[in-house]
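Chain IDs A, B, C and D follow the sequence of writing; residue 1 opens each chain.
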Amino acid sequence: MKILVTAFDPFGGESINPALEAVKLMKDTIEGAEIVKLEIPTVFRKSIDKTREAIEKENPDVVLCVGQAGGRFEVTPERVAINVDDARIPDNENNQPIDVPIYEDGEPAYFSTLPVKAMVEAIRSEGLPSSLSNSAGTFVCNHIMYGVLYTIDKMGKDIRAGFVHVPFIPQQVARRPAPAPSMSMEDIARALEAAVSAIVKNEEDIVAVGGKID
Amino acid sequence: MKILVTAFDPFGGESINPALEAVKLMKDTIEGAEIVKLEIPTVFRKSIDKTREAIEKENPDVVLCVGQAGGRFEVTPERVAINVDDARIPDNENNQPIDVPIYEDGEPAYFSTLPVKAMVEAIRSEGLPSSLSNSAGTFVCNHIMYGVLYTIDKMGKDIRAGFVHVPFIPQQVARRPAPAPSMSMEDIARALEAAVSAIVKNEEDIVAVGGKID
Amino acid sequence: MKILVTAFDPFGGESINPALEAVKLMKDTIEGAEIVKLEIPTVFRKSIDKTREAIEKENPDVVLCVGQAGGRFEVTPERVAINVDDARIPDNENNQPIDVPIYEDGEPAYFSTLPVKAMVEAIRSEGLPSSLSNSAGTFVCNHIMYGVLYTIDKMGKDIRAGFVHVPFIPQQVARRPAPAPSMSMEDIARALEAAVSAIVKNEEDIVAVGGKID
Amino acid sequence: MKILVTAFDPFGGESINPALEAVKLMKDTIEGAEIVKLEIPTVFRKSIDKTREAIEKENPDVVLCVGQAGGRFEVTPERVAINVDDARIPDNENNQPIDVPIYEDGEPAYFSTLPVKAMVEAIRSEGLPSSLSNSAGTFVCNHIMYGVLYTIDKMGKDIRAGFVHVPFIPQQVARRPAPAPSMSMEDIARALEAAVSAIVKNEEDIVAVGGKID
């Protein structure tokens, strides 16, 4: 099995992106699956383009996109991506789309085809906090998740795909007033490895309580 | 203009549901629009059935569903409803669906057809906290929002519809350890009236920054 | 019984101070006790001076100081004031003392002589969130609480005294990103009346679980 | 220089106490200072007795007590300990004192004699979140801090002493609903080493903005 793992490049004037660094820390082989790591630009459209090229070149069985969600306490697999770009801040090339569809001919939403509840359970079993998220936001993270699922759908390929959000690392919040949750880069890498393990082992998701009231 | 406003009945052993009580406090005419109030059961399916019957009987121009989101700080119009029921707790008739579609023949998601950003702005202008939410959860609130938008779509009717989540009232959190945000019932009613005002005045939504990074 | 209730004037460029407005909303007689309201300046030293003058003039049985704690979820009676000024921001006359004692000849700390746990219980019984706080901070709120208890001690008077912190009102957080808790001005006034009721009825505090682990 | 570092034993049915484990991970020599580590019981009185015995035996220059504050986001040196025990839960020998002084003949409070702001700055410089806390609670953590400062005062010894609270580790919150902040055990140990470094290097505290409004 071959798994393509993407992570965004640094943005907002930062010299490093901890989510990207955590992906680089991941093992290159997990449960027998080959991990191919790809850095993608924090730019609407171009992030999808670069991932599509890698899908064509690598022909992976799975695409797992990773991004940072500053403010979250847990590593959170995403359930669904919605067909809208609504940027609160500009991306790395100064695009700031507001309330426009990502693809005019796309579905209103695409659900993750990864075993998201099995991933949550695997991360928790590693002793790390995790839960299932029902919104990937409306910035580049939702954009890449939607774009990859749309692309695979249009290609007619049998590739499973989805997205995982990770918290800040401590260094990013050292001088930020609480509440500012974080997780060490080593623990983030360990959580992502556990999530990949669950992907390799679970063609279908497990049945588990994990919904949200609101 | 006629606006149907729904709210769930009490559940979880409570004798009153503050969201319902706040809806009852709302004026019966807002900006010239007639407000028709409907109590619906906190039950999968039946909540949709009862709302559909009211739509057929009242023939409203707008359907606004209201529900409580314990733990939220703000009054939050919802952007989108997704095609899944995933109940963390049972409903009032002990149904607890896990990861099943609401309608097999429905879209993956329906976007609110209400002017959600204008509603946020109107509530804030009343001096009350509000923001746009990108997830209505996976319990009865997402269920009724999805069900109403699906029903209107299948009926081929030109009815605008959507959902607003409201916080706990202080009485519900008086003995709950912080952090437990709340808003007074009078303020919730005032926020809902402001939201309805925005619906009456805005056929199309305004363009405003209001997306979420994650 | 006569109860002197103080509240700070507006500061930070604001035209009103909601804590002061809530105090103004309080009834003038509670459980037979006369309430005397006093506006004091948000200034180190001068706030104590003005309160001492009122104590000399009014000869009250109780002094209750009220201040705002933006970010708190509950109305919180304070257990203790400590002998230090450590200002994160300047006061209304641009004083910003850092790590200096309030009174060189004062105790390291003074405990509230009000029935703080009875006050918490009374507020909760009104259906409003409350808990006992173990720190009034190190700005003007701790300063006035310490100063009043020091003053009464040095005067040798038999006056009970203490401090209550109240949350923001919704208007102050309408455009502030969550988490930004608030309480309506009417509810704050009602909580303060309940606290005063408890003061009138309880010469000694009740015995109740209400400590904090940390 | 010799520094005695204490940490509580496991409690609440747990087999390990992560604060204790983090202390064990600390280097045995920091900036030339010898670190002596001491496990103390999570029991009122006995924790003070055992620390006093170690002070008599080891004759340290500094005593640094460490404890866990579940729910905190940062490593927080404590500014002050107050003369009260008010237990929300029983200790390891089922004592649950409510609103009683720790020592009848003690001061109302003792301020830390460690350079708390220099410690905060040193921890942040390591890329880890930290701030100064103004309350150590009313359970065994405040108890040991108060008891050690009282003991040193009564002994007439020239020993500097204080307390640092540390967050949960991820393993403790893996299945706890957010918000549940944590810090890795390695990072906690690194923060404590940075704090000790600051203690060795700063006889007097630095002057820095670090107060709290409330």
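The rule is simple: contacts are C-beta pairs under 8 Å (C-beta built on N, C-alpha and C of every residue); 3 or more make two chains touch, one makes a residue touch a chain.
For reference, the UniProt names are A, B, C, D = Pyrrolidone-carboxylate peptidase.
This one's a predicted model, so the numbers in the text were calculated from it and none came from an experiment.
From subunit A, what is the lowest number of touch steps before subunit C is reached?
2
Give me the set of chains touching subunit A intersected with the set touching subunit D.
none
Based on mean C-alpha positions, I'd like to know which chain lies farthest from subunit B.
If we average the C-alpha coordinates per chain, D ends up farthest from subunit B.
For subunit C and subunit D, what's the span in angstrom between their mean Cα positions?
Measuring from centre to centre gives 29 Å for this pair.
Report, in whole Å, the distance between the mean C-alpha point of subunit B and the mean C-alpha point of subunit C.
38
Could you state the distance in Å from the CA-based centre of subunit B to that of subunit D?
47
Provide the list of subunit D residues touching at least two other chains, using ranges where the numbers run on.
Counting only residues that touch two or more other chains, subunit D contributes 72, 179.
Hey, how would you classify the chain contact layout here, line, ring, star, complete or other?
Per interface graph, the chains form a ring.
Quick one: which chain pairs are touching?
The set of touching chain pairs is A-B, A-D, B-C, C-D.
For the complex, give me every residue of subunit C touching subunit D.
My answer: residues 67-72, 79-80, 82-89, 98-99, 107-111, 117, 133-139, 141, 165, 205, 207-214.
In their complex, what parts of subunit D are in touch with subunit A?
It is residues 72-74, 123-124, 126-131, 170-171, 173-184, 186-187 of subunit D that touch subunit A.
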